[in-house]
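Each of the next two complexes has chain A plus one other chain: chain B in the first, chain C in the second.
Showing the complex of A and B:
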C-alpha cells in the first residue's frame, strides 16, 4: 500500500502545507471536494479498517457542527443583510451561512488529512525519519522513544497504585466526584514512579555507550524516494486544481485581510 | 542543548508522554464544551494543554525546557493516533514558544508563581494568534473573539500556571526530583 511506504517526514510536510493552504480558503465548495478526494485516497492507498476510520472521524463532525452554528450565531454584520435563507425556521444571512459552512468543511478536510497521516504512519519510522532527515537531535529523539515505551508500563503502574490504595482501605470510587479525587491522589505517585524509571533508563542507556552524538550509524535507514516528492506535488496540484474548478464555477473565495 | 544531562532529557520526555495522554483525555471534554458553547468552549479549559511546558521548565530550569516539552507532547499526541494530525505539532511548538518567551524574559532565572502564570498567559496569547488564522476566527465578531482571548488567558494562568506549580511541588515533596533543579531548591529550603 503506497501510503504506508511514503517517507513519514515528507508525508507530514505535505499535510502541513495543505493545511496552511486550506486555512486561506473561505468558500465551502473547495474544502468539501478536497475532503472527499482525501477520504477516497486514504482508502485506495492505505490498508485501513473503515470502522476504525469512522470512529476517529465522528468526533470531528461534532466540532464541525459546533463551528457551524457558532459562526452563524456570532458572525460579523454581513455586507448584504437582505439576502437571507431560511434554516429550520430561522432567517439567516446568506453570507454568514456560507462562511460558516466553509469553516465547518475546513475542519472536516483537515481531519481527513490528519487521519490519512495517522493511520498510515509507523511511530518508530517517524522518529527515525525525524533524526535522519530533519536532523532532530538523537538525544531527544531516543529520549522520546524511551518515554513512549513507558506508556504500557504506566497502565500496570496505575493498577498497582490502585491495589495499594485498596489494601490500605480506600474503596472503589463510584461517583464522579470520588473518581476525580482518586485521580488527584493517583497522579503524584504515578508521576513519581515514572520519573524514577526515566532516571534509571537514562543511566542504563548512558552506561551502554549511548552518547546521543550526531555521528551515530543506523541499523535501519529511512529513505526519500522520488515517489515521496511525487506525492507532495500531486496533493498540492490537486488542491490547486479543485480551487480552480470552484473558481470556474464562481464559488471560490479566499482570505483577503478580514480581521 | 549541550548543557543538558541525558537524565533530564529522558525525564522531560516521560513528562511529555504522560501529559500527552492527559491532553488527549481532555480533547473529548473540549469537544463537548465546543458543542455547547461554540469555539469558546475550548478556551475554558485551554490551560490544561500548556501545563507540561510549565512543569518541565519549573522542574528542570534550563532554556528550552518549556518549548521542547510541549513540542514532544504534541508529537506524542500525533503518534498515539488522535487529535488533529501533524499540524498539532506546529501548534504545540507555538504554545511552547509562548511559555518559553515568559521564561526568557527573566533570563531563565526566576521561577516564582507569577512567572509561571505569565508563562501560561504567554502560551495562551501565542496559541490564540495562531488559532486566529488557522481556524478562521476572522469570521466571528470582535466581541466574541476578545471574549475567547481573555478566557484563554485566565485559563492559561490558572490551569497551567497554578495547577502546574502545585503538581510539581507535590512531586518535589516525594523526593524523586532530588537530582533536578526544583528538588535541589526544595532541599535547600527544608534545611534552611
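Showing the complex of A and C:
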C-alpha cells in the first residue's frame, strides 16, 4: 500500500501545504470535492479498517455540524436577504448557508487529510524521519518515543489505582465535583509512579550510551524517493485541478476575511 | 595475575537532600577481568547507587557530592566522554517494563548500537548475534509489549551484549520474574559466561542459582559500607550473625542447613548440588515442619463456575472453589496465568462475566460496597496505589473515620494496629516516605484495622529483603491464628510450604490443583515445571536424601 511506504516527513509536508491552501479557499464545492478525493485515496492507497475510520471521523462530523449550525444562527446581516432557502422548515438566507457550508467542508477536508496521515504513518518511522530529515534533536525525539510507550502503561495503572481506592472505601463518584476530586487523588500515586518510571527509563537509555547528541548512526535509514515528491506534486495538482473545475462552474471563491 | 578491570578507591557519596548521611561510605574494591562478583546488601544500602557510579551516570547526573575514584580499564570514569563508558560497562536493570524506548525488539537492540555509532551495515549481524546468545532469535521483529517479563529481561540483556561491554552489571534482574523465568535467565547467563569472557557483577536478593557462578562476594551494610569482600562461604562461617542482622538473604539450602542440629562447620553447602554431594552428613530424614492441617468446615466464600473475559481473551475459565473460615491459602502459578485476576474477582473488585460468588451464603452482588470491605480486605501489589492520606496515622484511621467511629475509639484501635505492624514510631510520617517493607506493612495495616474476616494479598513479599519478609509473615501468621482467612498470591514456594494449609495452582486461567502443599510436592517435576513451579528447598533436600538411601540400600 503506497501511502504506508511514503516518507513520513514529505507526507506531513504535503498535508501541511494542502491545509494552508484549503484555508485560502472559501467556497463549499472545492473542499467538498477535495474531501471526497482524499477519502477515496485513503482507502485505495492505505490498508485501513473502514469501521475504525468511521469511528475517528464521527467527532469531526459533530464539530463540522456544530460550525454549520452556529454560523447560520449567528450570521451577519446578509447582503441579499431575499435569496432564501428552506432548511428543515426554517428559511435561511442563502448567503449565510453557503458560508456555513464552506466552513463545515473545510473542517471535514482537513480532518480527512489528517486521518490519511495518522492512519498510514508508523510512529517510529515518523520520528526517525524527523531526526534524519528535519534535524530534530534526538534528545527530544527519542524522549517522545519513550513517552509514547508510557501511555498504555499509565492507562492500566489508572485502572488499578481506581480499584485500589475503591477497596479503601471510596464509592463511585456521582457528581462532577466528586469525580474531579477523585481524579485529583488518583493523580498523586499516578504521578509518583510515572516519575519513577520515567527516571528509570532515562537511566536505562543513558546506560546504553544515549547522550542526546546528533552524531549517531541509524539502523533504519528513512529514505526520500522520487515517488514521495510525486505524491506531493500530485496532491497539490489535484487540489488546483479541483479548484479550477469549480472556478469554471462559477463556484470558486477566495477567502476574503469572512467571519 | 590478571589486570584489574575495575578499581574503586575510597568512594564516598552523599545526596543533596541528606548531606549528613553517607549513601556510600569509603568503598574500596577491585575487579579482575573475567571475574564474577556478587554484591549483596539490605534494601536501600546503596547498591543501585554504586551501579550508577560504575557506569558513569554519577557524578554526571548526581545531585550531591562524591569523593574518591572509579577506574575502569585504568582510566578514571570521569575522564570518559558521556556515553563512551557504555562500551565498557553495561547494566541490566530490575524493572522489565521501563528499560526500553523503542517499540520492537530489533529497534531496541539497534538503539544501543546507534548510540555507539556502529556503521549500519554491521548492525544486523550484531543484533542477530546478541539475540542468538539469549535464545531470542525468533522474536527479532516482535513488538516489545507482546513479550513476557522473562523475555523482556532477556531482551534487556541482549541489548547490552550487543554493545560488547567488558563489565556486565545485573541489578536485581530476576526480582520481577517467576521462579521458572528466573532459572532460565540464570541459565542464560551461565551459558554466556562459558562462551565469552567478561566480568560480571550480580546484585541480587534471591541467591539461588547464582552461587555456582560467583567467585567472590561483596557485602554492603545499611550505612553503605563495604564490610566483607571474599568468598561467601567464609562470610557465612565467620560473620553469620552480622549477615542476619543486615537482613541479607542466604541461599535457601544454606538457610535450611543452618537451622539443623549437628551443623558441620567445615562444610556449609551453598547449592543443592553441594548438598547432594555431602548428603551423607545429613542422613537423618529431614522432618517436615509444614503446619498441621485441619479443615474448618464453616464456609466463607463460595465461587461457582466463574469465568472472566477481557477484550475477548478468557482470563479466568470455569473456576469453582470454596474458601473456609480461618484458612491460609496460597495461590501460585506463572506470571500472566490469571492469579491476580482471580484474586480480584474473589474480593469483588471485578465482576465475573459468568458464574456466581457467594459470601456467607449471599451473592457478592447483593453486598453493599462498605459492608463488603468489612468482610474482605485486599492488599494490592504496589502499596502506594492504596494510600489516600498524608500520614501513617491518618492512613490507618481513614476507614474508621468513614464509619463515623468516635475519636477515642479510633485512637485506641489505630495505636494497637500500628503496634502490631511495628509502625508506631512512624505515625506522623508521610506514607510515601516509608521504606518498601514499611509501606507494605502499612498497606496491610489499613486492611486489617476493621477486623476483616478475610485478607487477600497480591504478592506481598515481592522485592523485600529477608527481614521485612519475615516481619510481614509473622504479622500475617498472627492474624491467621486469630482466625482471619488469608489468601495470598506468591511465587515463593518456601512460604507456600511453611505457611499455607492449602495451595491453589492456576494455569491458563484454570485451577489445575487445589490441595494441601504436601500433596502438590508429590507431583512429578515435569508437571510442576509445566505450571512454572518448583519444589521448595526442603522437599528438594528430602528427595536427594531419599535417593541416597535407596542407592545405599540396593548395594549388596
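By our rule, the second predicted complex is superposed on the first by the 234 of 259 C-alpha atoms of A that agree within 3 Å, B and C clash if a C-alpha of one lies under 4 Å from a C-alpha of the other, contacts with A are read in each partner's own complex, and residues count from 1 in each chain.
Convention: a residue touches a chain if its C-beta (ideal position, glycine included) is under 8 Å from a C-beta of that chain, and two chains touch if they have at least 3 such contacts.
Small disclaimer: the values here were computed from a predicted structure and weren't measured.
Visitor: Superpose on chain A as described above, then tell me if chain B and chain C fit or clash.
Guide: With chain A as the common anchor, chain B and chain C both fit in the superposed model.
Visitor: Which of the two partners, first being chain B and second being chain C, lies in contact with A:49: first, second, both, or neither?
Guide: Neither partner.
Visitor: Check whether A:140 is in contact with chain B, with chain C, with both or with neither, and answer first, second, both or neither.
Guide: The first partner, chain B, only.
Visitor: Please work out whether A:216 is in contact with chain B alone, chain C alone, both, or neither, and reply first, second, both or neither.
Guide: second
Visitor: By residue count, which of the two partners contacts chain A more extensively, chain B or chain C?
Guide: B
Visitor: Check whether A:26 is in contact with chain B, with chain C, with both or with neither, and answer first, second, both or neither.
Guide: It touches chain B, and chain C stays clear.
Visitor: Just checking: does A:192 make contact with chain B only, chain C only, both, or neither of them? Give me first, second, both or neither.
Guide: both
Visitor: First (chain B), second (chain C), both or neither: which does A:154 touch?
Guide: In the superposition, A:154 contacts chain B only.
Visitor: Touch check for A:203: first (chain B), second (chain C), both, or neither?
Guide: The answer is both, since A:203 touches chain B and chain C.
Visitor: Put simply, what angle do chain B and chain C open at chain A, by C-alpha centres, to the nearest 10°?
Guide: Nearest-10 rounding gives 70 degrees.
Visitor: According to the stated criteria, A:169 is in contact with first (chain B), second (chain C), both, or neither; which is it?
Guide: second
Visitor: Just to confirm the geometry: in the superposition, how small does the C-alpha gap between chain B and chain C get, in angstrom?
Guide: Superposition on chain A places chain B and chain C at a least C-alpha distance of 7 Å.
Visitor: Using the superposition on A, tell me which residues of chain A are in contact with chain B and, in the other complex, with chain C.
Guide: 123, 146, 148, 189, 192, 197, 201, 203, 205-206, 210
Visitor: Per the contact definition, I'd like the list of chain C residues that touch chain A in the complex.
Guide: 52, 55, 57, 61, 82-87, 90-91, 93, 95, 97-104, 106-107, 110-120, 123, 127, 144-145, 156, 159-160, 163, 344, 347, 349-350, 369-370, 373, 377-378, 380, 382, 384-388, 398-399, 402, 432, 446-447
Visitor: What does chain A use to touch chain C in their complex?
Guide: Within the complex, chain A contacts chain C at residues 123-124, 142, 145-146, 148-149, 152-153, 157, 160-161, 163-171, 185, 189, 192-193, 197, 200-201, 203-211, 213, 215-221.
Visitor: Which bits of chain B are touching chain A when the two form their complex?
Guide: So the residues of chain B in touch with chain A come to 1, 4-7, 9-18, 21, 27-28, 31-32, 34-39, 41, 68, 72, 75-76, 78-79, 81-90, 133-136, 138-142, 144, 167, 170-171, 174, 176-177, 179.
Visitor: Help me check something: in the complex, which residues belonging to chain A touch chain B?
Guide: Going through chain A, the ones touching chain B are 11-12, 15-16, 19, 23, 26, 56, 59, 62-63, 65-67, 69-71, 73-77, 99-100, 102-103, 106, 110-111, 113-115, 117-119, 123, 126, 137, 139-140, 143-144, 146-148, 150-151, 154, 187-192, 194-199, 201-203, 205-206, 210, 212, 255, 258-259.
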